[in-house]
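Before anything else, here is the set of structures, which you'll find just below.
The following pair of complexes shares a single chain, subunit A, combined with subunit B in the former and subunit C in the latter.
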Partner chain A sequence: MAVQILRDSSRAAVQKVVLGATKDQGGTRSHTIVVGGDAALPFHHFEGEIVNRPVIGMEVQDIVPDWPEALKNPFADVINEPGRWAQKCVDEYGADLIYLKLDGADPEGANHSVDQCVATVKEVLQAVGVPLVVVGCGDVEKDHEVLEAVAEAAAGENLLLGNAEQENYKSLTAACMVHKHNIIARSPLDINICKQLNILINEMNLPLDHIVIDPSIGGLGYGIEYAFSIMERMRLGALQGDKMLSMPVICTIGSEAWRSKEATAPVSEYPGWGKETDRGILWEAVTAAALLQAGAHILLMRHPEAVARVKENINQLMVSNAY
Partner chain B sequence: MDQFAVTFIPDNITVQVEAGTTILEAANQAGLPLKSTCGGAGTCGRCAIKVQEGEVEIRGSQLPAHLREEGYSLACQTVVMGDAVIAIPTESRLGLHQVLLQDKGRLQDSLTDLLGNYPLDPACKVTSLVLPEPTLTENTSDASRLLATLRKEKGLEGQLDLAFLRELPDSLRQANWQVDVTLAAGSNRLIRVTPRGETRAFGLAIDLGTTTVVVSLLDLHSGERVMRKGSYNRQAAYGDDVISRIIHATSNEGGLKELRQAALDTINDLIAAILTSRGIDPAEVTAATIAGNTTMAHLLLGINPRHLRLQPYIPAAAELPVMKADEVGLNINPLATVQIFPAVASYVGGDIVSGALFTRIASSEELTLFIDIGTNGEMVLGNSDWLISCACSAGPAFEGSGITCGMRAMEGAIEGVSIDPDTLEVELEVIGDSRPSGICGSGLIDCLAKLLHAGIIDRTGNFQEVTTPRLRTTDEGPEFVLAWAAQSSIHRDIVLTGADIKNLIRSKGAVFAGIQSLLKTVSLEIDAIERIIIAGGFGNYLHIPNAIEIGLLPDLPPEKYIFAGNTSLKGAELALLSQPAWQESLELARRMTYLELSAGNLFMEEFVSALFLPHTRLELFPSVGNRSGNERRSS
Partner chain C sequence: MPLTGLEIYKQLPKKNCGECGTPTCLAFAMNLASGKASLDSCPYVSDAAREALDAAAAPPIAKVVLGAGPAAVEMGDETELFRHDKRFYHETAIAIQVSDNLSSEELKAKVEAINDLNFDRVGQHYTVQAIAIRHDADDPAAFKAAVASVAAATQLNLILMADDPDVLKEALAGIADRKPLLYAATGANYEAMTNLAKENNCPLAVYGNGLEELAQLVDKIVALGYKQLVLDPGARETSRAIADFTQIRRLAIKKRFRSFGYPIIALTTAANPLDEILQAVNYVTKYASLVVLRTCAKEHLLPLLSWRQNLYTDPQVPIRVEEKLNEIGEVNENSPVYVTTNFSLTYYSVEGEIESTKIPSYLLSVDTDGLSVLTAYADGKFEAEKIAAVMKKVDLDNKVKRHRIIIPGSVAVLKGKLEDLTGWEVIVGPREASGIVAFARANLAS
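Right, the complex of A and B next:
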């Protein structure tokens, strides 16, 4: 007797979110990118259509970041110029998106003015044609000002702006609504808060297809399993028709992976661990590979070699296994 | 040890206490009990007093700095070291409390007839006998004579007690051998012998609540209620909730005795007041039925309650033997028969069994949810085929405890709030149409719903940036002014703070999570519930749509909700009047499955997702989604 293979069919699919806007659409991007739309568990092509491939946004900062040498090296020639840095990511390393982190705005750090931040965003917009993810420095007050100004200056570009959090989502949501951008709703590895935040944002009338979930992942060895199970629950919720859990998921892979001791400790200290350059790249790539399986849609990454490996992984995963 | 005089003003009552006594204890001794939610642990900050003069030692204080500067300290942390004069502010007093005795409308007709289908068959009965007089030749003892006649005439095997025998010779002769015998139903234990003819028999139904105690006197011949009277449970001086009382009972020497005495004093004072006003001799009260939660039953009987609080939460006894009044300590006929309702578990007690009995949950095929929202949210789900119960620690927020300006539903309590969506101005409904002095449970629920509607808070309960002088920020965070000092009867602003709101959300979340846990355990959805019976005084004032709007109660049509008032008391009255009902309550307690919410993750998961207005799963509240969508303002 032939083996009967059971297939789960889903009642609903992950929300599609469009990033960027071309000239016709009121922006200046060369093309747009659509994330989400999956009608099955990650890469279960045999159970439902995986319409859009996961994408990689490479990180660019508006200051020279405090990164290990191994990570700064590939960008050594452009690290002072966010525009050229972004260009290199797209042209040489094939970034799908640019993830512009405005850490320079931090009042405790470089304390860039709002105008400086806006100028950086414009510089990057000019330098590349891919859609942009723009995130503030994390200082609540400063981010209010900076992100509102960015939203206004880049009106029509359909950016992905972050981060909205439960205690602090109103001003960014309002800015995204007025100037037509998408929002990153960040919750602290908590399915309830994740959902609540989506409800709160949606109740301010930002449509569901303008929200992307950041579940606050941990890197490999640093709580990745919590992120994995939260993301699994989100996807299962989305497939069962829970609209408030159905948004695409964005993961801060690069920053989490490169925070780990394993990624950065010098080989002189741990001779048994091998070369730190290889280690960091692998740490980032493996973190990304694991979370792809959990349902990540947008991977925010740093090292070009890690990006290359993950792209290869995505290519393989996107080969249909339908039968 | 040195004795010092402590004088309390403005009452001008002086007591003599030993050095080292706390002002809290001294005030109790003076008959001026203070609020003490934490039971004297120095954490709740409710027993603030002012030392006017004299020598005291003030230990660490939880009071805010500005109050300390004004000379306030906590009574439980202030120790007498010499003669002292202490001022007690009104807000620290436990106060005379008007306990709600009457139901405020909205009761279902079927629940107003106490006996219903049960026969009048009270806990003790009176039977008339004519005994043959003894002679020199027929010289059987008094007791044998009585028992033999009882057996011959009535077919009853009487049971004797020493105290009964002590009275018997005189009683029989005074009655000239023509007697009425009062005996306990079931055991046939003899209670009293009185001259034949006009023997009255009264019984007491007692609802021994954590916060309030109500005593009801019934005429056991007619089955009619003679009088009800209620008051604050004096155990409140040792903590507001059962946990702090268990701690007091188990960690202080003599603590259990104090708590037992406080409960007995409360009950006995009520009994005395009722009997005096109706001209009834205590000896004529020959039966009592008591319904209370498991902790209350333990404390009343002086049974060590320690293990109720410690994992795995085991009561000393769930089903209690029928007792005598003098063993229990009730000031009625010492031989009166006392029935105490059985418990299901440590946190689903006799009060719930009594409520389940009265509301006839188990005699209907309709799937019923019975909820008693007090300090604990206790609930029973089921029908004639099965029953499952649980208790969730909702906290006393809906009773007004632990809320900055909270109070119980009595005169002066804000019970309703409306907020103009444009001006954000507030209109209040106050019980008794008086000036407000605080806000009660129903007012809190209403307030939460209206703040959400007006966009002053969001669904997480956080205050939003809106322009109104009523929203302000203090050292302790943001707060919303419901009534300005000039309007209030306490000469202070009546506020709802951000912390109060979080507290309320946790309370309502716990209740709803309890309901969901019961439903999930039996794999049913909310829609399957055919009726919801709300018990407790709180229910009398509750506005169901508001309670649904904040996610306290399931989103079911209002006609499925039934208010049943004080079901614990009514069940006790029923069991007093009808032995079949009493027997059924024993059966009910045995049948009820108990769901321990602290085992496993089910409750916790449900609780966390209920910490949202109304709920993280909006689809559970379809009617709420529609309404708030239209009415919310964006700010």
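Right, the complex of A and C next:
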């Protein structure tokens, strides 16, 4: 019997979100990055246009992070200077975006002042031309102050700022509205809360094409399959025309993957698991590759070699497979 | 074209006996129509009806067995395109490829390394399923020798890869009872290959250059009377391969396109082993039932096998651990005691962190039906009464001298009640497992 290629038609596509702004657009970025716009399931070029490739944001922190040595080594020469660290990520490792995590703001930790945080953001903006993702330390009160100040100081840069959560989205949404940034809407592995949060943010008049979904993934071996299925359902919803599920998806790959024992335990302690170097890199890269197949648009990653391998994987997947 | 539920219903005995596990014949017919039941479950179906229905009621993707004996692995028999619609059933089998070009020492070493690909993590045991021997040498005798030596050195299933049916036939003699997969029937050799597979009752891979050629070849082989098939549409570029695999799976499930109702074999091609693993991740994710790899380093296989396990878990059933008092390290009567739920992700995150404290400790896992701490608490399955009862059940009073238990920070609210119920000192631990090491350093070092 002759083969009749089966193409599922979509009613709608994933929202496009533009990150960053060039001089003409009121910012200082050398270029902008567009994510989303997919008119089909991930990499189904044969039934819809996959207009933009998924991108990688490499993580930079404003303090020396409590990372395993394997992860700190590649950055040993720059880890004290967020600007140079970011530069290295872009120039040497080809990061599409810089993901600046302001963990130093944590009142229980380094407790950087709001001014210090703003200065760090400016330092990184000056050091690199790529668009920035900026996220607070997780302390609700402190993040309010820090992110509002960052939004104001970087007005016009069209940052991606996070995280907005169900109980705590108003001040960040307002800051993004006033100073023209994009927002990360983070929901706890729950498609209904995800949708609800997007509705709430949108009701405050932040347009849908300024929202990115963070579904709170689990890393490989630790709940990744929940995120995988929720992301698949989101993409199917978006393609069927559900506007409130149609935003691009951002995944905290690096932090989740490197939390696990499997990524870091030395072979001397776990001889049955093989050498930790490639094991750690693959733990991160496989987390990314699996979630790319579920519809990830922005991968927030850490290890340069994992980034290189995932970029190669994306290159392979972006080759057209139209019939 | 598949029959509708009503068409099937007309052929059933209409007794509504319920012995098939479905309350009515109509409901059973609907399940048959959607490929979610097998006609074998009906004890009263007539032979005539069976014949009429078998073709239509057969699962959309055939189950094909690779190997024989305890190591044998079932492939295919899948019913879904998305795991959230129900689940994926038969984990992708992973095979490692070796060449008959290797010297006998090299081959021996490689087979030993492959045999050693056994992993234990989070209470699960992972292995690879097969060794594929490929005929690259000029001398056909080299293939027979390599196959014999691999077969003698491993319990794993075998895949024999050679284009020449005569070469395969020679190598197969003597090991046919291992039921290896024969790779592959092509347009040029399919008659001889099909006969060989048929005579030895071995599964047969079918290689077509593209979907159209593959479908035609499958039809020819089926016409020869053989159906233990595995499909290779020939794509070696990742993007083309996942498109082809998706088409095969879709057509088999949504259109009951019989020519594609078999499991899929994928061969990786990337030169860098890390790239190769990511290629394999794509194939495991997108419907391959068998993936043939070249790298056999443990550090490369563990992440891949972990992903396979994650993808194939049943989304409806949380994975859980047993309710008991677990010992982490060399515990004694002075060891601290932690308590958490029996949701395996929670349990193993906590266990891993306690291990990192280097302080031998007890960890009590309370049966919460596999719910995580906060969900279980909200659902009334992780309350002070419940924890107190389990403490009693495992005789915790007599296990340690200092009656002090550490509860998850997110259920700090349980502290007072648990103290009242047990008379134990209750310490509120960190909210996240990742805080345990710092917590132990500050509170338990003595």
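Simple rule for what comes next: the second predicted complex is superposed on the first by the 322 of 323 C-alpha atoms of A that agree within 3 Å, B and C clash if a C-alpha of one lies under 4 Å from a C-alpha of the other, contacts with A are read in each partner's own complex, and residues count from 1 in each chain.
The criterion applied here is as follows: a residue touches a chain if its C-beta (ideal position, glycine included) is under 8 Å from a C-beta of that chain, and two chains touch if they have at least 3 such contacts.
Bear in mind that the values here come from a model prediction, so they are computed numbers and not experimental data.
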Report task. After aligning the two structures on subunit A, examine subunit B and subunit C and state clash or fit. Result -> fit
Report summary line: Between subunit B and subunit C, the one with more contact residues on subunit A is chain C
Query raised in the report: Is A:146 touching the first partner subunit B, the second partner subunit C, both, or neither of them?
Result: neither
Query raised in the report: Is A:244 contacted by the first partner subunit B, the second partner subunit C, both or neither?
Result: first
Report task. For A:166, decide between first (touching subunit B), second (touching subunit C), both and neither. Result -> first
Query raised in the report: Can A:200 be said to touch subunit B (first), subunit C (second), both, or neither?
Result: first
Requested in this report: Would you check which partner chain A:293 touches, where first means subunit B only, second means subunit C only, and both and neither mean what they say?
Outcome: second
Query raised in the report: Of the partners subunit B and subunit C, which touch A:319 in the superposed model: first, second, both, neither?
Result: second
Query raised in the report: Which angle, as a multiple of 10 degrees, do subunit B and subunit C span at the CA centre of subunit A?
Result: 70
Requested in this report: Using only C-alpha atoms, work out how near subunit B sits to subunit C after the chain A superposition, in angstrom.
Outcome: 9
Query raised in the report: Do any residues of subunit A touch both subunit B and subunit C, and if so, which are they?
Result: none
Report task. Can you check the complex and tell me which residues of subunit C touch subunit A? Result -> 82-84, 118-122, 211-212, 215, 219, 237-240, 242-244, 246-247, 250-251, 254-255, 257-260, 272-275, 277-279, 281-282, 285-286, 297-304, 306-307, 310-311, 313, 315, 345, 348-349, 352, 355-356, 434
Query raised in the report: Considering the complex alone, what residue numbers of subunit A touch subunit B?
Result: 166-167, 170, 190, 192, 195-196, 199-200, 203-205, 242, 244
Query raised in the report: Inside the complex, what are the residues of subunit A that reach subunit C?
Result: 1-6, 43-46, 218, 220-225, 228-229, 232-233, 236, 259-262, 267, 272-279, 281-283, 285-286, 289-290, 293, 305, 309-310, 312-313, 316-321, 323
Query raised in the report: Of all residues in subunit B, which touch subunit A in the complex?
Result: 458-460, 462, 464-465, 608-609, 611-612, 616-619, 629, 632, 634-635
